[in-house]
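Labels run A, B, C and D following the written order; every chain starts at residue 1.
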Amino acid sequence: METLPDVQACQPEYPINLTRVGLTGVKKLVKVLREDEGRPIVLISNFEVFVDLPSDRKGANLSRNFEVIDEVLEEAVNEPVYVIEELCGEIARRVLSKHEYATRAEVKMKSEYIVERSSPVTRTAGQEVVDIFAEAVAKAGHVRKLVGAEVVGMTACPCAQEIMRDQVRKELLTLGLSQEEAFDFAAKLPVATHNQRGRGMISIQVCDRRCVSLDEIIKIIERSMSSRVFGLLKRPDEALVVQRAHNNPKFVEDCVRTMAQKLVEAFEDLPDDAVIVLKQVNEESIHQHNAFAERSATMGELRAELGTEDSASAREVPKR
Amino acid sequence: METLPDVQACQPEYPINLTRVGLTGVKKLVKVLREDEGRPIVLISNFEVFVDLPSDRKGANLSRNFEVIDEVLEEAVNEPVYVIEELCGEIARRVLSKHEYATRAEVKMKSEYIVERSSPVTRTAGQEVVDIFAEAVAKAGHVRKLVGAEVVGMTACPCAQEIMRDQVRKELLTLGLSQEEAFDFAAKLPVATHNQRGRGMISIQVCDRRCVSLDEIIKIIERSMSSRVFGLLKRPDEALVVQRAHNNPKFVEDCVRTMAQKLVEAFEDLPDDAVIVLKQVNEESIHQHNAFAERSATMGELRAELGTEDSASAREVPKR
Amino acid sequence: METLPDVQACQPEYPINLTRVGLTGVKKLVKVLREDEGRPIVLISNFEVFVDLPSDRKGANLSRNFEVIDEVLEEAVNEPVYVIEELCGEIARRVLSKHEYATRAEVKMKSEYIVERSSPVTRTAGQEVVDIFAEAVAKAGHVRKLVGAEVVGMTACPCAQEIMRDQVRKELLTLGLSQEEAFDFAAKLPVATHNQRGRGMISIQVCDRRCVSLDEIIKIIERSMSSRVFGLLKRPDEALVVQRAHNNPKFVEDCVRTMAQKLVEAFEDLPDDAVIVLKQVNEESIHQHNAFAERSATMGELRAELGTEDSASAREVPKR
Amino acid sequence: METLPDVQACQPEYPINLTRVGLTGVKKLVKVLREDEGRPIVLISNFEVFVDLPSDRKGANLSRNFEVIDEVLEEAVNEPVYVIEELCGEIARRVLSKHEYATRAEVKMKSEYIVERSSPVTRTAGQEVVDIFAEAVAKAGHVRKLVGAEVVGMTACPCAQEIMRDQVRKELLTLGLSQEEAFDFAAKLPVATHNQRGRGMISIQVCDRRCVSLDEIIKIIERSMSSRVFGLLKRPDEALVVQRAHNNPKFVEDCVRTMAQKLVEAFEDLPDDAVIVLKQVNEESIHQHNAFAERSATMGELRAELGTEDSASAREVPKR
């Protein structure tokens, strides 16, 4: 079979460079070790793998390279891997080394992930499913990696709540309460507002061997909405969740800003040039459409806006 | 080209009858005339068209029959059609007549549809998109048709609200209000609860030339949830929508039962053997999963359960 | 918290029976033991769980019943489970026993599943992902179960191939070959035709404790198309796959009939009243739309059509 | 209602700038005038509308701004609009002018679109549905616009075909044909290979008032695959489509390069700094996964690679 024609190595009809040539929709089993317990979970993950292609080569020889990519994936998943961005980084490095004509290899991965959570009052144990993803781009000598998660939570609208609170105060005055009493009571009450499922997303891109805790990312997203959501809520749990969400109303903008603040606080050791993307989508219960907010920035920019760049500088001092 | 082989007319390898052979994912422009205004809307609709196939014929000759189906669709959409189940009925009848070996033809159609709605306080005009669908099955001599819609609305949970109301009453008592005052006030207050997008669905299957108002179906679904949703809400509108939803809390079960009641009330002339399916999915804001309820029944069964079968009988008297 | 109001136990506003009340989109980890190796795989599966609800009860008390359903699921997944329809059956039985007001419980489950396959020439090992599903309905005293799979394969069109073959024969005659030589050669040649991804689906519903081999179902679907598809094909593998598919052209109808024949052959011990659904969708490369075929029947009907009911009767003789 | 609290204008808890705040999933009717006929089609399009938000403002006041956005959309769609990127540009300009605190407004739109096409032999008329999209970003003084389309076609693999052709030649030699005859015949024959649906995508971003023909973009994508796909093919049409595709085999890389060449040829007047993205996804019939290729570049870069930059320079001379 050695004599089979190598069509891919021919000159293409038009000498155009290609930015990405590869595969999408590749499903593979990936073992993920979870922080909170010993045994790893084997998850079906969805991969995309690309290389660039020079203008003098017809094809990326995918019929031969499928094999390389697959071998790399198989081998890479044979040991428990917790850090999925490092898994992508390793695949990208090897794919690049196997394509002599390529200068850049890119790997993307998406998966579902399970976290253990217990309900707030009755402490009933449950599992929540979150979406996780990672990417890596390998070029000669260095790899840029990205990791992130998307988590569902609950958001309650502060604007509608303020309008409703105004009405409650007026009602209380008609009952004979004093202005002060009315204000105090209305302030304490979990006043009605529209609330809904929200989806928070954080991605972090780093340029070196540094790794980022996915579990920390997930916790930050959960805590940046009005409340977490739960698989199983007994009645006292449900009451507390509703009360908490109404005592912590959040615009879609607030969710993103809270993520930024918590991220800066939690990832003190991330370098200033780490690229951060924060997104929130609220599936508003009063509309068919969604509310959306996003911030794309470096860690350094977020630190500067929050006035924590001094501590960041301070933090860097030992390095000098 | 007359001599091209007719592979489809051959004997199949295994003499198995087929229930459905046909096409899915066929997108066609359909003109829909709306009740509320003169000019029709041209919508891209998704069709499925099937016939049955006897065990002695290899293929439904789709290469030739594509043409028939397409011609029928083209011709049928050339006149303003408001009644989409009758459009499906006509296609099914013609498809059946063109397939000499078939005893049954089936057509399904899905589309988006626009309804004009204005906001509740400021009367701001807006458009809402709803999903509509229709089906028809033609056999020798008769056609069975189905029409329906799926509409997004807002639901507020009665159970969480009762628990929260209990807490409000206790708070009011500590403020020095009497038991009676506390109860009265808590009863009037739009007490906080979890609320969310819900999706209500009604389908109605009838056996004769009878047609069913799609706009009526859509209105029933909208009015069976805690509140409608809107494209554009100014601040006073938003306050009223939140208040209404909280004054009209509905379990997923309540939505289906309310649809049943309103359907029986609105479609007095539907025969007792019309088959009704009612569904509701609530995308609960406190969970990642959804709450679901469904009723499948005949109009006669729904009337009997609601105690309106007498009026139904009475209604039928003139026909005898 | 004992005194919290039990809103669900109230009378509903409208006394309508409900066919299904429950949850959709419930994601749970399920351990699946694979036939071909020792260690189980833990997969994230998607569940739906329903009960019926009488007309005199407002809600299915989902806030309390969530707990029951979750406990049942947790417990059921704590032991290696290979037979997913029996997992659904067990959940349905227990859910029914916990809802004193329900007469029927229904459980549906969907998941991805991994099968090991090697390429046809170079025997390169690879994993293929298939979709699997199971359902169970429990009523007093008995459970009806269903299990099935959907698998991607390759189909090549026999009709276009015959037309192309006709052209090849004419060309060969102009080269000076005899009629016989031209026919022989054209018959051997893997003549070009449109080919594409197809999706085959089999579901089997049985009424007793009987279980059905999911791996057998998957193999039947794979072998009923023109060729299987593969994750990794080296060049000689790819050539063989293309050749095999072109030597085994299949209409969408042929795929369903082949599944029927192979099913009757492979599941000799399935009772005549087992309900079978066979579907095939071909994503035809020459169209934007798909070709579709389906057969719904009992095993008895399929056996009768294939003329194997005698052996079936013979098989049953010992039972009398 | 003037006294309702303006929560959005408050200081946010954390002074973080936001890159994008707005709405997603907004469905609106858009009138599209087609090149090939007089009457416009009204299509349901999906919009996203964003502005940026400074760090000292809690919310983008979506409750009030919804109104602005909606009005702009309503008004903009009241006249026949063919050029969808200009529609997005106009919305972006107006949204920006209504948000005194914003420095940037962004609008995205997606829709389906209908093109009329007739089959290649029998000239049977038919409609094809393609996906179209447009975007615009408005900043003080200028607007950057993007327009594009995604079209389904058919691709046949050149590599598998060469291997099959090799086998055909060997067979022909055994029939007694000379080397030359065998080569000639094998070269003419539409030799079998795997073929499948492909999806080509072109987007073009321009910086000024310049508009780009969407119909031209669609034609280029169609002509860059092995063959177009059709809604209705009579038997002679189907034969010709299969033959054409097999006489024009294309790797996923070839499709992108052909799009580049045809784009440079067709859009002579596009400036060198126009940003082009070209993508192709082939849903390979022999795999579960897809083959993918992409090129992102400026028109100037594509011209340079194709050696057509001289004519481009020549073209620009008169402007100096």
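As a convention for this text, a contact is a pair of C-beta atoms (placed from the backbone, for glycine too) under 8 Å apart; a residue touches a chain by one contact, two chains touch by 3 or more.
These figures come from a predicted structure and were not determined experimentally.
Chemist: Can you give the shortest number of steps from chain A to chain D, where adjacent chains in the path must touch?
Modeler: Graph distance in the chain contact network comes out at 1.
Chemist: Any idea whether C-D or B-C has more C-beta pairs in contact?
Modeler: More contacting C-beta pairs are found at B-C.
Chemist: How would the chain B/chain D interface be labelled, same or different, where same requires over half of its residue numbers to be shared?
Modeler: same
Chemist: Averaged over CA atoms, how far is the centre of chain B from the centre of chain D? Could you give it in whole Å?
Modeler: Roughly 34 Å separates the two chain centres.
Chemist: Taking each chain's centre as the mean position of its Cα atoms, how many Å separate chain C from chain D?
Modeler: About 36 Å separates the centre of chain C from that of chain D.
Chemist: Taking the mean of the C-alpha atoms as each chain's centre, how many Å separate chain B from chain C?
Modeler: Result: the chain centres lie 28 Å from each other.
Chemist: Give me the residues of chain A that touch two or more other chains.
Modeler: Those would be 4, 26-27, 63, 129, 159, 163, 231, 233, 235, 238-239, 288-289.
Chemist: Should the pattern of chain-chain touching be classed as line, ring, star, complete or other?
Modeler: Its topology is that of a complete graph.
Chemist: Would you tell me which residues of chain B are touching chain A in their complex?
Modeler: For chain B paired with chain A, touching residues are 128-129, 152, 154, 159-160, 163-164, 167-168, 171-172, 175, 177, 181, 185, 188-197, 227, 229-231, 233, 235, 238-239, 241-243, 245-246, 283-289.
Chemist: Give the list of chain C residues in touch with chain B in this complex.
Modeler: Residues 3-5, 7-8, 12-27, 48, 50, 53, 55, 58-60, 62-63, 158-159, 162-163, 166, 251-254, 256-258, 260-261, 281, 288-297, 302, 305-306.
Chemist: In their shared complex, at which residues does chain D touch chain B?
Modeler: Contacts found on chain D: 1, 4, 26-29, 41-44, 63-64, 66-67, 70, 112, 114, 124, 126-127, 129, 231-236, 238-239.
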